[in-house]
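See structure below.
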Amino acid sequence: MSKRLSKMGWIVLVALLSLALVILPACAAPPAEEEEEEEVGIPYKNDGIFVEETIGDIDTLDPAWAYDTASGQQIAYMYEGLIGYDGASTDKFVGLMADTWTIAPDGKSITFHIRPSVKFSNGDTMTVEDVLYSFQRALVTDPYSNGGPIWMFYFPLLDVYTSEGITPTQIQNAVQIVNGDSIKFNFVRPYPSTTFMQILSGSWGSVVNKKFCIANADWDGTWGNWTKWNDPDHEALILNAKALGTGPFSLEVWNAPGEIKLVKNQNYWQGATAVPFDRIITKFVDEWSSRKLSLLAGDADLVYCPRTNIADLAGIAGVQAIKDLPELTIDCLFYNFNITANSPYIGSGALDGNGIPTNFFTDINVRRGIAYAFNWDTYITQALQGEAQQVGSPIVEGLPYFNPNAKMYAYDKAKAEENLKAAWDGQVWEKGFKFTLIYNAGNLVRKTACEILAENLQRINTKFQVSIQPKVWSGSLSTMRSKQWAMFQIGWLPDYADPDNYVVPFMSKDGTFGGPASYYNPEVEALIAAGATETDTAKRQEIYYKLQDLYYTDIPGIPLAQPLGRRFFTNYIQGFVFNPCNSGMAGNLLYLTKSES
Amino acid sequence: MELRSYIIRRVLLLIPVLVGVTMFIFGITMLFTPLERATLYVTSIRQLNNLPAIIERYGLDRPFIVQYGTWLGQVLRGNLGWSQVASMPVAQAIPHLLPASLELAIFAVPVIILVGVFLGTKSAAHKDKPLDHGTRVMAILGWSLPSFWLGLILLMIFYGFFRGLLPPGRLSIPMDILVDSAGFSRYTHINTIDAILNLNGPVLLDALRHLVLPVTTLSVINMAFIMRLMRSSMLESLGKGYILTARAKGLDEKIVINKHARRNALIPVITVSGYLFAALASGAVITETIFSFKGIGWWAWQAAFRLDIASILGFALFSAVLFVFINLIVDILYTRVDPRVRLGQGVQ
Amino acid sequence: MKDLIRIRDLTVRFYTYEGVVHAIDDLDLDIRQGETLGIVGETGSGKTMTALAILRLIPYPGKIESGSIVFCDKDSGAETELLKLREDRMRSIRGNKISMVFQEPGAALNPVYTIGDQISEVFLLHRRQELGCRARERVDNLLSDGGGLVAGLRRPFWRWQRRIYDKIAEEPQALEPRLLSHVPLFRRLLWRLPDEANLLTVDMLKDVEIPDPVRVAAQYPHQLSGGMKQRAVIAMALACSPELLMADEPTTSLDVTIQAQMLELFRRIKVDRGASVLFVTHNLGVAAEVCDRVAVMYAGRLCEVAGVEELFLHPSHPYTKALLDAVPMPGRELQTIPGALADALNPPPGCRFYPRCPSATPLCQQERPKLKMLAKDHMVACYLF
Amino acid sequence: MRDWRFTARLLVKNPLSLIGVALIVLFIIIAIFAPLIAPTPEGHRDPYVIPRDGYWATPEAPSAEHIFGTTQGQYDIFYGCIWGTRSAFRVALIVMGITICIGIVLGSLAGYFGGILDEVIMRITDIFLAFPWLILAMAITAVLGQGLRSVMIALVVVWWPSYARLIRGDILQLREEDYIEASRGLGASSARVIIRHVLPNAIYPTLIMASLDIGAVVLSAAALSFLGLGAPEGYADWGQMTQFARNWIVGPPGEPLRYWYAVFTPGLFILLFVLGWNLLGDAFRDIFDPRLARR
């Protein structure tokens, strides 16, 4: 029985050991840098490696599918397109895979001359064939039923939004090889070249390796059964997790969903020395405290800091904060001009003080009155911690044709009352109204915006009752499309830095938001159409100024604010250049350097 | 022989459960209108106009049983669909994310069980003595602790005061690079085990450093359960006749408890331990979330959070299978511990 | 005849949530050498507790309040006060000098160990020395009839074993073997002890008339019939040929035919082992069968003690009478005892039986009657005498 | 039932359970008098929505008018914790109530009639018990949309099977008891037998188990809220408030514990609430654990 006894002894011993195993190293290994960390703010770690910790995750590495910034960022590191943005500019370009280009005087085509002797990261030479294949592949693949960015090519090239019912010849005519060393894009009608070049600069314009793709059973470049590759399922995409480009980095390993590691492309056409890092590591860490810890411990060179927490990093030795970067995004509150009957969000559905009629917001006085009731100062200074600026229309600062002195609404109780008294010949004021404001769940800032509006309205007249309801992302989308909502709050990220990409979704009757809001203004439609295809910059400016003016007078929605971005690097990172069109926080990596001094 | 037929029986028994589980979850998603379900495939606002295309493409407007049928057909062809969260096919995502969760389980479970059993025995042996009260209070406290809160407090202390001592994640950068480099062979993708197999001290140490906080969080809470269970089943068997016999034999109290009482008391603990392991292996949701330890649990949470139906269904399948098989193992273990148990039937 | 156990004003109380239970109250009782003493009484009359008290195994929350239990060792003749004994000394008596057979053979055996294990446990505990000797002999034999290469190689190993078993044989708790038994590999050296124990076990099982003892030794309790279990339990109790064997209702849970065999077994044990037996039962018939003397207990007190014929022929205490009348017999209609067993929580003052007593006097209510000597070996606690 | 008297006596005897009872009573008082302890400001429509004092993100340390300080978005922690007590009780009681009802109905049907009905019900419980409850709950809340309502539904869904089983078990035992047999023999209708004889005896252990579980229910609800699947932001719910604190675990270097109140206070309320119930439950358990002989 002493046998038994000692058995228990062993068990406990093992237990303690395993405990010790876990705890000892913790005590055993207080890293040496802890000590000197106290003197210099942040220890210098991981020389030659750039570590970014951010949120979200990568959807795919396939340029033809990727439509989110996280994916776009990685693709931009590994692939290059024909051209790219020049430094901070959003409308000047530098040649990458193309060295020169010529724009047809009639504005109906652009021709790019392909840079010779560029190598892919695996050593293959990049040829004009690869370029042609890349764009044809994009057009062929076009995952339209799951969205995807390729419509941006289809619209100027073929005046359609998807590849539905497209013939091979159309594609072949749209993109061609000319005199063996150039690629020519043909537009159906004159198209603003800058806009198109902005589109080309996106991750969807990347040049892929034809041989590699075919070897991996991607589209074989023939037209026999090309539809087999058209509008594929996500899992059917070959380049989801594989990547081979001409960019400064090449894929080492993608440990989805946690992190992705890229290594320097030794065959980079600008020379391996032009690439400032041996490795790029991007980690996706949801917990802010963890990211902050990594930054302060020197484990990360760049972290995403939620706006709510910017104070945490203020004035910390070793952290450089780059602030007030005008991102090209905008938050906006929309009015629904034609709410679906018996929607759950409009109370009684009549103007009896317990609800609103379905066409409530067709009265301009209602729209103006509510707009005057929103308090931008409180919103921007408090909820957005001053990291935003008010804009009068969806066309935000940083876009061409942005009107810096466009008219804007401001909180004005008197004007609000005046307008709301006038609304619906005074019924609104005496009966009051009641409806539900919908915002994207889990976003305190957006909730705050709604609360500010609701509270101000109630202060103006206690009969004005606005309740607030959160909706999960997918839920809010379906509500939006079902047109049941009364007022809706959501933000917009651009595809390319052209006003057209803003006015269409916001103001056009079949725009992303204009559609669900049933907003229709013939004058606006005309201007939008004109602006889209106008090649003369002066004329375009005129058009978009007018549109900005119209947004103020007709007020189809309340533009809340243009958030200002911020970056938190360690002091060891230098040379950051902000370009609102780069996806990802680090911008163009080639500008960055990391050194101990 | 008997064993094999038994296993076969159990596996067959598994099928209806799986069908039920998936049908149930599938059923819940059917509470959505086709429009709403279509939006689940959408990643960007711009696709609002594609919704009809999606509905049509995935046949979201067809009746429940049809959709379930098609899904089942896919599954039988080994296609569990695409996991938005893991950005890879679900069939890959599970084996890909499992190691992280396993690593937690491998370290947490032994600690939990051994210490839990030890304390449970002690406190039963000293019923109503200070030691008993002490351990019980500990247990109840541990049992009442919100695991997420405990996690946050631990973070607060260790991130706040001992910066970099117990970092988040699974590995620190240099080790991380080393692990993925050619020199280091990934046998299991369980860092600690791989490190041992590669005889690589630094990696092992680093991996362990990252394990301390999550493992502690898990242990504290689950230990309480085991301890309570062990205590009560110890008390039960201490009340049995054979204990009196053993004492009447003149056996030392130590032996009476450690030999005669505990062996019997362990029986229920084994079941629970099995469930515990299954539960941890199929993801310690909160712990993995808080300590950004991306395993199955984190994945399941994200899937639920972002309504990634394919992932949720896949996960349900996986964990159901896991649970059933762990049960199987537990039942087989029983026969070793308790001669009265024959495969298939519990304790008479 | 000399006394083996001398119990003097033993008091046992249970401190339960409901209150203090007076399980045994000032009990005086002797067990003589080589006799079979029966204790009869209704359930809860404290007969089992008396037995447990002798072993000092009163379960929580019970407690031996006062009194003395003297154990006079038959061999050495030494008198020991059990209630004052150090715990470890007490343990060396339990299962060795005094052992007990419990009511439920099913419950009394540990379901997860084989019969063999559970019996040899006793040998390993109390007969370590003897086992040591036997083991030593075996090793000696091995050493003497040498021959053969293999044997030659194993010799040193055997010598070592011999040294160890030698130590055990001299001093069972010798340090070296004890240490060895904790060291994983070396504990293998001691394998001969359990081995020997097993042999003894098998003999033991044969002794209690278990067919095919070798097989049974390797079986688990649930594989045996009730009777077999009971025999095994008895074997366990007899393993170290105790001087006092206490049997708590050993037959109640068995069916009649088996009962008979059991009683037979007990009678034989007494005869060829000369051990005293304390036979606790509520069944007067059984008592009459096996006992030399019978003690009648009621509500924790002794009512009457007498030789078996004496008691059955001239029962004196009203309670004893009532009990005897309650025994079903042909040609006599059954009488039941009116009223219920006295509430142990707050027992009536004076004689505990008086509430149910047909011939109760006022005195009975106030004073507790003392034990009086009626005739030789016949004592009764009642005012009628 | 004499057991109740017995229970009461033991509860008072055991200091631990006394503490438990005290805690629970305390929380009941808080819940009842919430409007007095933390009055809802004028013109504030839903009292369960924590009033805000400005819109700053950064939590504010305890002060005169916010004695527990404010959490992210200037939500008053004190108010939230007080009214959170009500939310907690609401969740616990509703979930437990419904669970027990379902359990009793299905359990007694399965247990009393047995046969195919029993089979079906038990297989269904198998399905529900076949995988981790938290995941199931998460899936359900996710689908039903944010809000305590969905949380409660989810918890009922994951909880009922164990109760159905428990009650079934008890009833299977009871069925064999003589007096049930007897009343059956006397030709009493099944419903009558169940209601008059079986349930009253089966209900007791169920209630004990329920008291053990209330803590767990609240804990689970809190966990779901913490994972962002429960109460919407700004709702008076402890779990949700803890979730607010997630960004504020570590303060700026130099004073790592600057925002301790945001993390600590709501969690402490959960802990004490659950602790109260568990202490009580633990005492019950020791007293009534059918396997532990009553001493």
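Letters A, B, C and D mark the chains in the order given here, with residues in each chain numbered from 1 onward.
Rule of thumb we're sticking to: a residue touches a chain if its C-beta (ideal position, glycine included) is under 8 Å from a C-beta of that chain, and two chains touch if they have at least 3 such contacts.
Remember, predicted model here, so these are calculated numbers, not experimental data.
Novice: Consider the two chain pairs A-D and A-B; indicate the one with the greater count of contacting C-beta pairs.
Specialist: A-B
Novice: For which chain is the distance between its Cα centroid and the global protein Cα centroid smallest?
Specialist: Centre-most chain by C-alpha means: B.
Novice: Could you pull out the chain whose C-alpha mean position is farthest off from that of chain D?
Specialist: Relative to chain D, the chain with the farthest C-alpha centre is C.
Novice: When the C-alpha atoms of chain A and chain B are each averaged to a single point, how far apart are the two points in Å?
Specialist: Each chain reduced to its C-alpha mean, chain A and chain B end up 36 Å apart.
Novice: Once you find the CA centre of chain C and the CA centre of chain D, what distance in Å lies between them?
Specialist: Using C-alpha averages as centres, the distance is 52 Å.
Novice: So what's the Cα centroid distance for chain A and chain D, whole Å?
Specialist: Roughly 42 Å, centre to centre.
Novice: Between chain A and chain C, tell me the centre distance in angstrom, where each centre is the average of that chain's C-alpha atoms.
Specialist: Centres of chain A and chain C (C-alpha means) sit 86 Å apart.
Novice: Taking each residue of chain B in turn, which ones touch at least two of the other chains?
Specialist: Residues 155, 159, 163, 251, 289, 307 of chain B each touch two or more of the other chains.
Novice: Counting only residues that touch at least 2 other chains, which ones in chain D make the list?
Specialist: In chain D, the residues touching two or more other chains are 142, 228, 246, 249-251, 253.
Novice: Scan chain C for residues touching two or more other chains and write them down.
Specialist: Where chain C meets two or more other chains at a single residue, that happens at 60, 121, 125.
Novice: Which residues of chain D touch chain B in their complex?
Specialist: Going by the criterion above, the answer is residues 16, 123-124, 126-128, 130-132, 134-135, 138-144, 215, 219, 222-223, 226-229, 239, 242, 245-246, 249-251, 253, 256-257, 260, 263-264, 267, 270-271, 274-275, 278-279, 282, 285-286, 289, 291-293.
Novice: Write out the stretch or stretches of chain B touching chain A in their complex.
Specialist: Chain B residues touching chain A: 33, 35-36, 38-51, 53-54, 56-57, 79, 81-82, 84-89, 96, 107, 110-111, 114-115, 117-118, 155, 159, 162-170, 172-174, 176-177, 180, 205, 208-209, 211-212, 215-216, 251, 254-255, 258-259, 262, 289-292, 294, 299, 302, 306-307.
Novice: Spell out the residues on chain B that touch chain D in their complex, using ranges where they run on.
Specialist: The contact residues of chain B facing chain D are 16-17, 20-21, 24-25, 28-29, 31-32, 133, 136-137, 140-141, 143-149, 152-153, 155-156, 159-161, 163, 228, 232-233, 235-236, 239, 279, 282-283, 285-286, 289, 300-301, 304-305, 307, 312, 315-316, 319-320, 323-324.
Novice: Which stretch or stretches of chain A touch chain D in the complex?
Specialist: Residues of chain A touching chain D: 287-289, 292-293, 296, 306-309, 311-314, 316, 378-379, 382-383, 385, 441-442, 444, 447-448, 451-452, 458, 462, 465, 467, 470-472, 475.
Novice: Under the definition above, what is the set of chain A residues touching chain B in their complex?
Specialist: My answer: residues 1, 4-5, 8, 11-12, 14-15, 18-19, 21-23, 25-26, 28-31, 33-34, 37, 45-46, 49, 51, 57-60, 67-68, 144-147, 161, 233-235, 240-241, 252-253, 255-259, 261, 279, 281, 283, 285-287, 289-290, 293-294, 296-297, 299, 472-475, 477-478, 480-482, 490, 492, 495, 505, 510, 512-513, 515-516.
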